[in-house]
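Next come two complexes built around subunit A: one with subunit B, the other with subunit C.
Up next is the complex of A and B:
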């Protein structure tokens, strides 16, 4: 039996207090800044209340950034899950245990890389003249130029491919481990009923893994919010504003172009409200 | 299980897997090769596999003051933040895991919700705050900011690790007259050590790879390695590609050192689930 002890208090209270201070101070301060008109170049400021927010809703570049962010979120989450489930099931079906271990190690490598490194690796690879990834295209077409990062129609997908390269392969390993934890009996039973391989997975194993797969998708949705490094290195939001997500636009408003810190902060506050509400709601659904 | 005859479907599946494995590492290998090339061997329309290797890029990188400062800043900032995360996160995780109270669920959700905060939303106000107190562009500012990340991540991952320690072991220690604190130090920590190492390694990789906050909180003195590497590229084609590739390799090596620890961590998480 555990006696009453001071341990939970001494272990928990300082940590939670520090976490609260470290998270609430910037959060509340972000709201304060958003209600002012601070600029990096000028020290003075006045309170402008909600005019930054009012400006945002008629700022077409902001509305574009919202749309790009939503596209980014959908493309990366869906593609990551498709790649992860596809490769996970394939490993489960055809790879012997030793080969599985090798694949697992290989598939974890990309996600460990700093996003900046991953972005550089692929920026070189996508170079239209000297890139290794565009080489097959040059070879087949006899030297035609394909520049995925500077075409508005392909840039977002080219950057997203790097995200999927990192997370899709990593999640494939997790899907495999999840499949390995399943009891073998239902799979055997389906086999005796002459179910095809893909049918077993579509109707037996994946439905059994519904809850962990949804959690996995939830994690990816959160991680996809952190697209800044990739986009900053690979396209800087370009060509034009084709890959300008919200954090990229907030950064360029606050730091590169005009130093409008308050305006950028207003954007960040809207993002914060949207993500906290969405993810709190989703988390409660996942837990229920 | 009955054996299956060789079928084209299986061959295609194996080919897809092999291709995926190749795609996982080849871009990195190619980057490492480019780090060993002279510029003439990189700027070619047909990729060159055979070339005369050079160490010039790597020695150039390691001789640059900016790179060495970045490396030093990264090591100090990430190392300190991880130590703070361990010192504060592990005890708190143990308390949540072993002394459940009615707030346990809320605490876990609070810790997770810190991950929902968009990095820009944290970085902009912090920049203004650090400017006002005169700590902008210093390592302490970066360490405090990163501690928020490391504490919450270590706590989040350590809770299941402590829950995985068999209760009977701890109960036996209590019967032997150990107090609550010695049970944590001498029993729970050593037994959970392997999973905890994974959690700590993960938090290190996370802050080592962090970019946006470091970019916003430093202007010259406190730049971390990712920032320095990204700046090299902004000089465009004036910087030989080999040097850029070498800096990418240097930046990527530390996280890859943890590959073994982290894949072991992954395995132990799922083994726990199975039993």
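Up next is the complex of A and C:
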């Protein structure tokens, strides 16, 4: 009996201890630094407590970065899920099993590309003079120039399209595989009741896949928070600050422009708090 | 007698051993581990990697260069030098040498640069840029000022003489801009950064009489800065596509591919423009100093000794030897032979017959003339990258139209500058 009760402890304690050290030490250190005024170029520091946080709320670039991050999160998650479900259902309905496998192989390739490589490829594809993505526009308009990465109104969507290209196609494969695992009886029953194809998916298959689709959405939400490399390579947060997300602004303040590591840490701490609250709230809503 | 012989034999053996060990000591390798270098891509450094064995023979160890583009190199070297100090040698430039030197992240070079490598042979302008607070901190890999590079054929076809003044330049750029024929008047830099858009904007600022500080008081929020920005934005209307969020690569790339009539850029462009490997406009290009009163932007990049990774004197000597070898006359001659114009810094090479044979008299004359108007346009202070990068973002916003109030942007920068001054 005693043996049985000690087994979970034996397995849990070391792993939890490692996890605690790995997650808590940097987090606590970030919180401590956020309360100081450390800068890379100066060895000394003083405690400024919540002054960095107060400064953030009157910093126009920080407020802009919050808004850009929210937009980025919404655009990339919604577009990825729409593309994934749309393409997944389309393949399920239209393609023969053999063709589906070929599509799956093709759709997985973009996500296998390192993010930085994908960003460079698309940055060139969006070049106003030579880019393949801007070529149709030049062709239709007789040579007019379209530079999506240098316009504030289009830059975020242009970068988001690369994110969706990588993850939307990959998720489409997962959605297809999920559809293939569903039991055929409910679908057959719906067909016998003369349900149309879209009705079968809207009212039968997709509701049956609610739990895995929500999990996919959460995965994408977390992944979208880590899009620093993609945005950094394609726009560096520009034009101006139009695509400057919170992580990019924090990096910029910490290492590129000012060396203000405490100020950057304050941003990171706020991001962490906001993320924890948002995800907890959403998770509870979904559970309910 | 026997003991005398023994003593003599022992004495001889001692002398022999002593001289052998002295010789061994004299040839002891300077480096005990490979030299780690953080740099930005340069043709000269790529060429240097072909001679790795030569350095190994000289020092006893090899070297490894990690490359990052300019902005990333600046960010990474700053982060590395101030924290872990992984690199023995940093690539520094005119914009961050003051910060690196005043923060103690790099060591004075002269103390570890072997005399036989002749530092005094470097172009005096580049030596000046490498000097901060009376000490030399880096050995130049590249440097110079600005040149106006223009398409002779395009200007001739339009019946336009190369502009000699800024007003003429503004008028000519508008006339030469013909997007329907794939020709753009000019190519500027729009991408944020003290070494990117701000670098190209500063000559206009200086030409209109602007200055950064008056003592500790910011003086840049002036009519000169407004006029300079208005001129820059006006010229940007005729700048090649892609340059609005681009920098050196995009603007010079547009010119070298034959889409730009005139541009004022850093001197290495002139070498690229006459090289068939990099240019589609060879034989059609003319060179002149920047139109008056634009001053050239004096700059210099080079290699410096990191202090954290080189904690003791022996490591610093090793790093110093690497820098001296990398920037030696022999290596610079190899760069000349490979037609790497932008990588030449020594007067003995720039004034050589081989240089004149390769690049011609016109370019030599233009370089000599532009030297007279080359100036330091930036604020020579450790806080310059901070201030310059902040202005770079505001300027990028103005260039791309995400903000339109020039005065508002300058006032925002002034508030930021006041904070920087307070912190000193």
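Note that the second predicted complex is superposed on the first by the 263 of 288 C-alpha atoms of A that agree within 3 Å, B and C clash if a C-alpha of one lies under 4 Å from a C-alpha of the other, contacts with A are read in each partner's own complex, and residues count from 1 in each chain.
The rule is short, and it goes like this: a residue touches a chain if its C-beta (ideal position, glycine included) is under 8 Å from a C-beta of that chain, and two chains touch if they have at least 3 such contacts.
None of the values given here were measured: they were computed from a predicted structure.
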{"item": "Touching partner for A:128 - first (subunit B), second (subunit C), both, neither", "value": "second"}
{"item": "First (subunit B), second (subunit C), both or neither touched by A:117", "value": "first"}
{"item": "Which of subunit B and subunit C A:143 touches, first, second, both or neither", "value": "both"}
{"item": "First, second, both or neither for A:195, with subunit B first and subunit C second", "value": "neither"}
{"item": "Which superposed partner A:255 touches (first subunit B, second subunit C, both, neither)", "value": "both"}
{"item": "Which of subunit B and subunit C A:165 touches, first, second, both or neither", "value": "first"}
{"item": "More subunit A residues in contact [subunit B versus subunit C]", "value": "B"}
{"item": "Subunit B versus subunit C as contact partner of A:87, first or second or both or neither", "value": "first"}
{"item": "Intersection of the subunit A residues that touch subunit B with those that touch subunit C", "value": "129, 143, 251, 254-255"}
{"item": "Subunit A to subunit C touching residues, read off their complex", "value": "40-42, 61, 127-129, 143, 145, 147, 149-152, 235-242, 251, 254-259"}
{"item": "Contacting residues of subunit C [partner subunit A, same complex]", "value": "71, 74-76, 78-79, 82-83, 99, 102-103, 179-180, 190-192, 240-242, 244-245, 259, 382, 385-386, 389-390, 393, 396-397, 399-403"}
{"item": "Interface residues, subunit A side, partner subunit B - complex", "value": "1-3, 5-8, 10-12, 14-16, 18-19, 22-23, 25-27, 29-30, 32-33, 38, 87, 90-91, 93-95, 102-110, 112-117, 120-125, 129-130, 132-133, 135, 138, 143, 165, 169, 172-174, 177-178, 180-181, 197, 222, 225-226, 228-229, 232-233, 246-247, 250-251, 254-255, 261, 264-265, 267-269, 271-272, 275-276, 279-280, 283"}
{"item": "Sites on subunit B touched by subunit A in the complex", "value": "9-10, 13-14, 16-17, 20-21, 23-25, 27-28, 30-31, 34, 42-47, 88-89, 91-92, 94-96, 99, 101, 107, 109-122, 124-129, 144-145, 147-148, 151-152, 155, 171, 174, 179-181, 184, 205, 208-209, 211-212, 215-216, 226, 229-230, 233, 241, 244-245, 248, 251-252, 255-256, 258-259, 262-263, 266-267, 270, 273-274"}
